[in-house]
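Two complexes, one shared chain (chain A), two partners (chain B, chain C).
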Partner chain A sequence: MSDQTETKAARDVGVVIQESENNRPVIEAIEQDNPACTISHSPGLVRITAPQRIVITQETVEEKLGREWETHEFQMAIVSYFGNIQEWDDDEIVIAWDH
Partner chain B sequence: MQYELKTQVIEPQRSTFTAIEKRYGDKPASRYLEGIIDVQPKENFHYRPTWDPQREIYDDTFSLFRLTDPYSYLDPRQYYYAPYVTARAGHHEAFATSLSYIEDRGLLERLPDGWKSVLTELVVPLRHLESGGQLILCGMARFGFGATITQAAAYSAFDRVGNAQVLSRAGIALGGGTADLLGEAKEHWMEDASLQGLRKLTEETIVESDWGVALLQLDAVDQLLYDLLYRHLDDEAVVAGAPAYSLISQHMASWFADNRKWIDALYKAWRADEQLGDTNAALLEEHGQRAVDRALEAVTPFAARIDELIGVGAVDCVNAKAAEVRSAHAAEQA
Partner chain C sequence: MTLAPEQKKTKKPKKLSMKARYEALTRGLDWEPSYVQKSEMFPHLDYEGITIHDWSAWEDPFRLTIDAYCKYQAEKDKRLYAVLDGFAQGQGHLNLTDASYLNAMKVFLGGVTPLEYGAHRHFAYLARHFAGPGPRFAALCQSIDEIRHMQTEIHTLSNYNKLYSGMHNWSENHDRVWYLSVPKSFFEDALSCGPFEFLIAVGFSFEYLLTNLLFVPFMSGASFNGDLPTMTFGFSAQSDESRHMTLGLEAIKFLLEQDEANVEIVQGWIDKWFWRSYRVTALVAQMLDYMLPRKVMSWKESFELYFEEQMLGGLFEDLAFYGIKPPRHVEDAIAEKELLSHQVYWILYQFSFAASFTTSAPTDEHMDWLSQAYPDTFDKHYRPLWEKEKKNIANGGRHFARGLPQLCQVCQIPMGFTEPGDPTTLCQRESEFEGEIYHTCSNGCQWIFEREPEKYRQAWLPVHQIYQGNCGGPSVPEVLEWYGLKDGDAGEYLGSKDHQNWVAWQGEAAADTAAPTNEKKAGA
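On to the complex of A and B.
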């Protein structure tokens, strides 16, 4: 039982983002805010995974993008994700496993 | 028969240009970076200009303000041609919508008398100031060093033409679709005591040979004028029942907010320079203060005339803003 919880705790979460001129700053922002993440490229798509938790911060994205960015715009970038969306606020999006 | 679908990934030989790879590593770069980094010509200049043999044709000593690495400055808006043009096209379309609303409702005819005079006598003539601003920024685009800086300056110069157009169109609408008011505005610009300070300062800034100092001067005038006309007066217009003024001024105010971004980032880059930061900060304080003093001197009679016409505390507003800008130039030095 305890074994199982441990594996669960260490499970990865991730997002798959379409690779485009507009999304590249978003990817860079995620990379900066989540030092533990790994990024893999496949044609047209970028898959970002991190243990347990990924945070997308509005402030960082705006800084990279050079314009205002609302978190709901993230829907335009995202192709798929795994994990639960714990928070989707005006200032950040958190993807993590609830249990 | 069965097919197996597989993706075959072909790794690109390189993700971006060498110049960008050197700075940011071998990963895909944004269009903005690809179009701008290390574009400034730096070598193989054959002749020095006959009009200034002490300097190269492109030289970072055309201004006292220098950066060790000119590309430590980036335009935070990341404007290159396409996004810049798109942004401005949207801006002018929005203005056209406001203007047609103003015309449909006859809002300009219904302006209180004092406000009409403010527009025809003081605001519309400022299209000549905008035009002067265009020349100043073109000068900066020519003599500045580092493509990120000169590009931002060039776009800002185009913006000035756009601003002059916004004011002209307001003037044409106010003149019932004729250019009569624009002719009058030129006379006001050339003759009125309230505008001579601004005209003199504009002309002096055009011939200022140091583009950094010229930018500071233009910026100081802008900060006082835009704050007065398109923030303070906008507030007053709402109370005074002059919605036409408000509708026009919102576009100038939003342009100004956008324009500030690249100028503030430039000041910040000057201060943040590892080797020249302290020198730049001292220069910013010295020339910034001087610029504010001169701007205040030029704008005060202009503001006084507004107070004569509508009495809205314009002079106080300008003085307060001047103090604020002055301390901004000094305080950040610490």
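On to the complex of A and C.
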């Protein structure tokens, strides 16, 4: 994870995930890797927001799931997001504002 | 049958990285034309004034390739159809909060399903006509997504159509019924644009800027009201939407980065399409506040969270880097958040005798919820209206409008909106073009009309068409027949076919649990 050296006001970014048994480990992994995040629930949905940046790490998700997990699988869980998808690679997905 | 000889266990071949696969399977499959000019191969890229210097600068953050696309889409469909089957087999429709909930679905499925098909067609066109393999492939995936959404919506709808009214003729309704001309005209406006304007209209303004307002509270509402099929198709579709949102956002950044001169053109499109999209989402505003028996959040709350906080406070700060300003007339939308759902529902309530859904006056409990959700406006402006209507109903005079409304030339919504800053005066704007007067409902719609009057003068306005004799005849029954509506589709919910069936079905269920006879217990 990058150090939080940005000087601009930390605007929130966020991701909305379906609340399901399959996605619970994914949500737990995001919570663990983004300690500054806030989680809110509405029926069927979990909304996670964090200042400036959210990272979803393959390794952490695999640990929580107890099996291999491709970052492409995140497409099965995501309902919506705000921010830019800055990186979507084999090992992590990063949502952050560009400017 | 001969079995293939068992293969020796070899080490799993190392897969290419996501980045390398994406390069190989999209960019790597592109070619340069040799016997035609590039301008002949891609003839539609110049006339909107957009300049692209380098198509390869386009980035797809999803790095999606066709194999990954098919694998995950197949999995999504598998899950969805399992839910639809389970719902049908388990009589899931009886677990809805109330049959009146389905009115929200009738508005949504009737309005949106045909739009998905329109989007499918136009994205297929973009997949052919963009001069770079990155955006072409992203548009191709979106095109396939959109036709999948149409199909899944039809399947969801068919589950309810067997038992409830108003869903049997959605395709013809879309072409003919007055209120469906609102989403229809939006999409036809977009489909008749050039490729780049369409991308900003649908990819950016609709998918990124407003999709959260349209889909997220809707699906959450479905979940909260026991509508599993809608929730599941919604989530399944919405997970595609996150890719579509990315396409929209990449599109706008790409256009802004390519050439300084693109900025002004793009700003004009954002200004236009924000207001166009915002007017269409007015249907969602009334759904949230009036049509869901169990409420999720008010329109005002939803607008503040998804639009003001996320988009104005987040996205537009980012776009300011390129010189992009928040959309024109956004301040009118913000001021209207206290009024919008009430004004739109009042229109639908009065005209539901000619729609494929039914309406009902809010109960006292519902009005109390509206009071606390809208402390500054509901008790002052809208409760008195409903109290009066309650008296009408008690005297047997449930209110239906007798005449036909004046429609806005741009958004095509009946002109029931009020002046900015004055909730008691109706807003009506007039513009003259080549000797004729055209009416619009707001500053936003007037600005859009005056920017392209040649386009909007051609609008097919349902009310004008009825008066011109193009809709089956001059009387209400003739028009309803031409719409393809049947008895039970329209009007007041209480006492309607759906309501009567619902009460009977729930009554049976209640009787079953309240007094189980010995015979039933034996369960033979």
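Operating definition for what follows: the second predicted complex is superposed on the first by the 90 of 99 C-alpha atoms of A that agree within 3 Å, B and C clash if a C-alpha of one lies under 4 Å from a C-alpha of the other, contacts with A are read in each partner's own complex, and residues count from 1 in each chain.
Basically, a residue touches a chain if its C-beta (ideal position, glycine included) is under 8 Å from a C-beta of that chain, and two chains touch if they have at least 3 such contacts.
Keep in mind that what you see is a predicted model, and the values were worked out from it rather than measured.
Applying the stated contact rule after C-alpha superposition, one finds that A:61 touches neither chain B nor chain C. Legend: residue contacts after superposition of the two complexes on their common chain; A:42 is shown touching both chain B and chain C. In the superposition on chain A, A:50 makes contact with neither chain B nor chain C.
In the superposed model, A:26 makes contact with neither chain B nor chain C.
When the two structures are aligned on the shared chain, A:71 is found in touch with chain C, with no touch to chain B. Set against each other, chain B and chain C touch different numbers of residues in chain A, with C touching more.
By the touch criterion defined above, A:86 lies against chain C but remains apart from chain B after alignment on the C-alpha atoms of chain A.
Chain A uses residues 42-43 to touch chain B in one structure and chain C in the other. Contact residues on chain B toward chain A in their complex (touch as defined above): 7, 9, 28, 30-32, 75-78.
On the chain A side of its complex with chain C, the touching residues are 11-14, 16, 18, 42-45, 71-73, 75-90, 97-99. Within the complex formed with chain A, the chain C residues making contact are 17-19, 61-63, 68, 71-72, 75-76, 211-212, 215-216, 219-224, 231, 235, 238-239, 241-243, 245-246, 249, 253, 296-297, 309-311, 313-315, 317-318, 320-321.
Looking at the complex, you find that chain A touches chain B at residues 19, 21, 24-25, 41-43, 65-67.
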